[in-house]
C-alpha cells in the first residue's frame, strides 16, 4: 500500500509578466504626424474603457452574492456604466469572486483566455486573493494570481458591494495611468495552469517580501514550522471496548421490522450508534430486498479508510487495512406523520485493502455518482460500476485525498 | 436621377437619425430600467450619464475582434451587418412628413415585411457561424419564433392596407389624415390589429417578453454569445434600431404617422408628431420589457397560433366588410 | 443603358450564386446560397417592373421557404453533424443532363421570334389584383385549399410518433454502446498498473441475477458488454 | 435586356437546377435544386408578363410561389420522416419499400 505521489509533472512558473506588445500600435505611433491624432484618440478610447467596464462574473461562492448585490439597487454598478455580461466575449473585467479549486482553475483560465483584449482581472475576497483559510487544503488554489494576472485585489470576506465599486474605480484609475503607453498584455501560454508571479508576497512562502517587518517574519516562520496537521499514523485512538460482539439484540433505534431481514443477510451485530456490518457477499441482495420493501431513496454512500491496526471502534491489534462503506436508504411515499414518515435503513460493508465492493448502481441509479465520489476521494473500488471516473478532483489527479495515508501536507498544486 | 439623389440624401439622414436615436434610446432604457428597480442608472459620463452609449461604443471599438476558430468567418462577419442593414432598410419607406421619405414605394408595407423577415436569417447565420451550442439554440428558437409571428404581423398589417386601399406607407398615412387614425376609427378591426401588430413586432425584434432567442438565464447571451467588439455593438445597436423602426412603422400604419392638427399647413409639425408617436411606442416596449418576465417557448408559440393568428384573420375579414359596407372609406 | 448593365450584373450574380448552391459541400451554405439567389431574383423582378411579385418573393421565399429549409436542416441533423457533406456522385450525369437541357432550351429560344421590348406599359398592382380575384378566383381558392391540405399533410407526416422500432432501436443501441464503452474503460483501468492492486477475489463480483435491472430499468453493464 | 436574354438566363438557371437534382443525394439538397428550377420558371413568367404588358404572368407567378411553399412544407416533412426512420436524409436510404 504505497502512498500516492503528489503529481509533479505540471507547468513551471512563468515570470514573464507583461511583455506582449501590439506590433501595429508601435508602428502607428512611430509614424510622423500620427501622434497628433493618436493622442486624442487614445484619450477617447481610455475614456470609453474606464467608463464602460463590463464585468464577466466568475462567482463561485459567497462573494458572488455580494457581486450580485453590487448591481442591485442601493449600490448600482450601472452608475459607472458597469453591468454584467454572461459571456466572456463581451466582458472587460473578470471578477473572480470566491474560492477557486484546482479543478475549477483550468476552467477559469480558459474563460479568461476567451475574453478579448484589453482585459483585466479583479480578485474579489480573501479566497480569490490567497485561498484564505482554505489555503492549505489539498484542492484549493492559494490565490488566483497564481495563474491569472490580477490587476486589483479587493480584500474582505466577503467584501461588501461598496468595496467592489471602490475596486472598479481603482481599476479605472489604473487604466487611466496606463494611458498613452503601448498596449501590453501578459504572455498567454496554452495548456495547464501557467502561473504568473504572485504580486502579494505571502507570509510563510519562500519568496518573502523584504518589506515585511521582522515581527511579521518571525510570526510567519513560526507558523510555517508548525505542521499543518499531524500524520495519520500518530493519531491515538481509544482501544476497542471489551464488550463481546454477537449480541443479537438490536437497539431500539433500529427499525424492528428490518432486524429479521438483516439477520437473514448475515448481520450478527447491531451496534447502537453505527451501522451493522453486512458481509460483502450479501450486500447487493440486501439492498435489493430493501428496495423491494420501499427503501428506494439512497441517502448517502460514505466511505472511510482505516489503516492497519485501526478500525471504526478504535485500535484493533493486527487488524488489516480496510475501507468501510456505509449506505443509507430511505422510504419514500406519501405517508406522513406519526404513523408513516420516512424510515431509514443503514448498513455498512468492510472492504479489505485491494478488494472492491460490488456496486449498487444497477440497483439504485443514484448510487452511480455517490460511489464515484467515494472512489475519487477515499479510494474504495466498486466492482461492476458503469463509470468509475473522477468526480470531484481533476481527471489527472493521482491518489485519493481522504485516505488516511495521504500526506497531510502534500502540496499537490504546482505553485506549492 | 434627382430622385436617386434625393433618396440618397434622405436615406443618409434617416440612417444617421435612426442610429443616433437608437444610441440615445439605449441610454434612456438604462435610466428607465434603473428607475423601475430603485436604481439610478448611468451618472458619470456626461450630463445624467447621457454619453454612456458612446462610451460603450468607444470601448467596444478598442476591443479585440474575435472569430471562433471553428466557426465560419464569412457568415460570422456578415451576420451583424445583415441584421443592422435589414433594420435600417425598413426605415427607407417610413414617411416622416409628407415629403421626407427616402423611397416612397407603392408596395411599402410589403417591403417592410419582406425586409423584416430577412432579419431572421441574419440571426440564424450568427448562431450557426458561431459554432457554439448556445448561439445555435438561440438561432433555432429565433427561427421558430419569427416564422410563427410573421403570420399575425402580415395579417394585422393587412388591416390598414385593406382599409386605405394602398400598400404605400405614405398613402396609408394620407388616408388617415383624411379620416382618423386606424387604431381609433374603425375601432373593431383597427385597435385589435394595432395591438397584434405591436405584439408581433416586439416578437420580431426579440424584445422581452418575447426574447427567448437571447434568454440570458438559459442561453448565456443567445446568438451573440461569441460576438465581441464592434460586431457585438452592431447587434446591440441593430436591435434598438429594429425596435425603433418597428415603432415608426406601427405609428405610420395605425397611429396616423405625421397626421395631426395643423400638420397639413406646417410640415415640420408632422415630423414632430411622427417622432413623438414613435418614441411613445418605443417607450411602451421598454415599459413592457422591464415589467414582464419572459414567456416560455411553448407559451410563445401557443399565443401566436392559438390567439393572434385566428384573431388577425378575423380582423382582415372585418376590415374587408367595413370597406364593402361603410360608404366613404375609399 | 443602366437597365442593361443592371441586368447583366444580376444575371451573372444569379447564375453564379445558383452554381454555388448546387456545388456547395455544406448543406447550410447551400441553403443560404439559395436565399441569396432568390433575393437576386427579386431584384430581377423589380427590374422587370413587377414590384409586388418581388416583394412577395422576398417575403415568401427568402423569409419563409429558406427559413423553413434551414430549420429542416437543423432538425434533421444532430448538433455536431450540421456540416452535411453533400456528395456529387454522378458528376457526368449531372453535367450531361443540365448541359443538354440548356443547349436544347437555348436553341429553341434563339430560334423563336420574340419581342425585344415591352409592347405596352407594365401591369400595375391593381390590375394584378383584379386579375387574381376576377377571372382566376377559382384557381385562387383552389390554391388556398391546396395550401391547407399541404400544411395539414406536413403536420401529419412530421408528427407521427408511432414509428416505434427504428427509433427505439437507435436509443437502445446508443445506450448499449455507451455502457460498453464505460465497461471497456473500467476494464482498461483495472488492468493498467495503478497505485492500488487491482480488484481481487475478496469482493464477490455481482452475480448475474443481481445485475438484472430492478427499479430504474437501466441496462446492466454485463449485458451491454456482451 | 430583351425577352431572349431573360429566357436564356432562366434556362441557364433551370439547367443549374437540373444539374443539382442529378448530382445531389441529400433530400434537402434535392429540394433546393427543385427550388432553383421553379425559380427559373417564375422568371420566365414574369419576363413574359413584362414584355407582353399583361398581368397574367405575374398572377401565375404568385400561384407558383404558393405552390412552391406547399411543396417545401411537404418535402421537409418527408425529410424529417426519412431522418426519423432511417437516421439519414440521404435518398439512397429510402430504397426499400416498407409496406
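So that you can tell them apart, the chains are marked A, B, C and D in the order they are listed, and the count of residues begins at 1 in each.
Criterion: a residue touches a chain if its C-beta (ideal position, glycine included) is under 8 Å from a C-beta of that chain, and two chains touch if they have at least 3 such contacts.
Because the structure is a prediction, the values reported are computed rather than measured.
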With respect to inter-chain C-beta contacts, which pair, A-C or C-D, contains the greater number? C-D
Identity of the chain that, by mean CA position, is farthest from chain D: A
What is the distance, in whole Å, between the centres of chain A and chain C, each centre taken as the mean of its C-alpha atoms? 46
Inter-centroid spacing, chain D versus chain A (mean Cα positions, whole Å): 59
What is the distance in Å between the mean C-alpha positions of chain C and chain D? 13
State, to the nearest whole Å, the distance from the C-alpha centre of chain B to the C-alpha centre of chain C. 29
Touching two or more other chains, which residues of chain B qualify? none
Residues of chain C that touch at least two other chains are 52, 56, 64, 68, 71
Counting only residues that touch at least two other chains, what does the list for chain D look like? none
Spell out the part of chain A that touches chain C in their complex, as residue ranges. 1-2, 4, 280-281, 284-285, 288, 291, 296, 351-359, 361-365, 379, 381, 383-389, 398-399
Chain A-facing residues of chain C, complex: 179, 182-183, 185-186, 189, 195-200, 202-207, 210-216, 218, 220-222
Given the complex with chain C, which residues does chain D contribute to the contact? 1-9, 11-26, 28-29, 31-33, 35-36, 39, 42-43, 46-47, 49-56, 58-59, 61-63, 65-74, 76-87, 89
For the complex, which residues does chain C have touching chain D? 3-4, 7, 11, 14-15, 18-19, 21-22, 27, 30-31, 34, 37-38, 41, 44-45, 47-50, 52-53, 56-57, 60-61, 64-65, 68-69, 71-73, 75-76, 84, 86-91, 93-95, 97-99, 101-102, 105-106, 109-110, 114-124, 127-128, 131-132, 136, 139-140, 143, 146-147, 149-151, 153-155, 157-158, 160, 163, 166-167, 170
Per the touch rule, the chain B residues reaching chain A in their complex are 30, 34, 37-45, 49, 52, 54-66, 216, 220-221, 224-229, 232
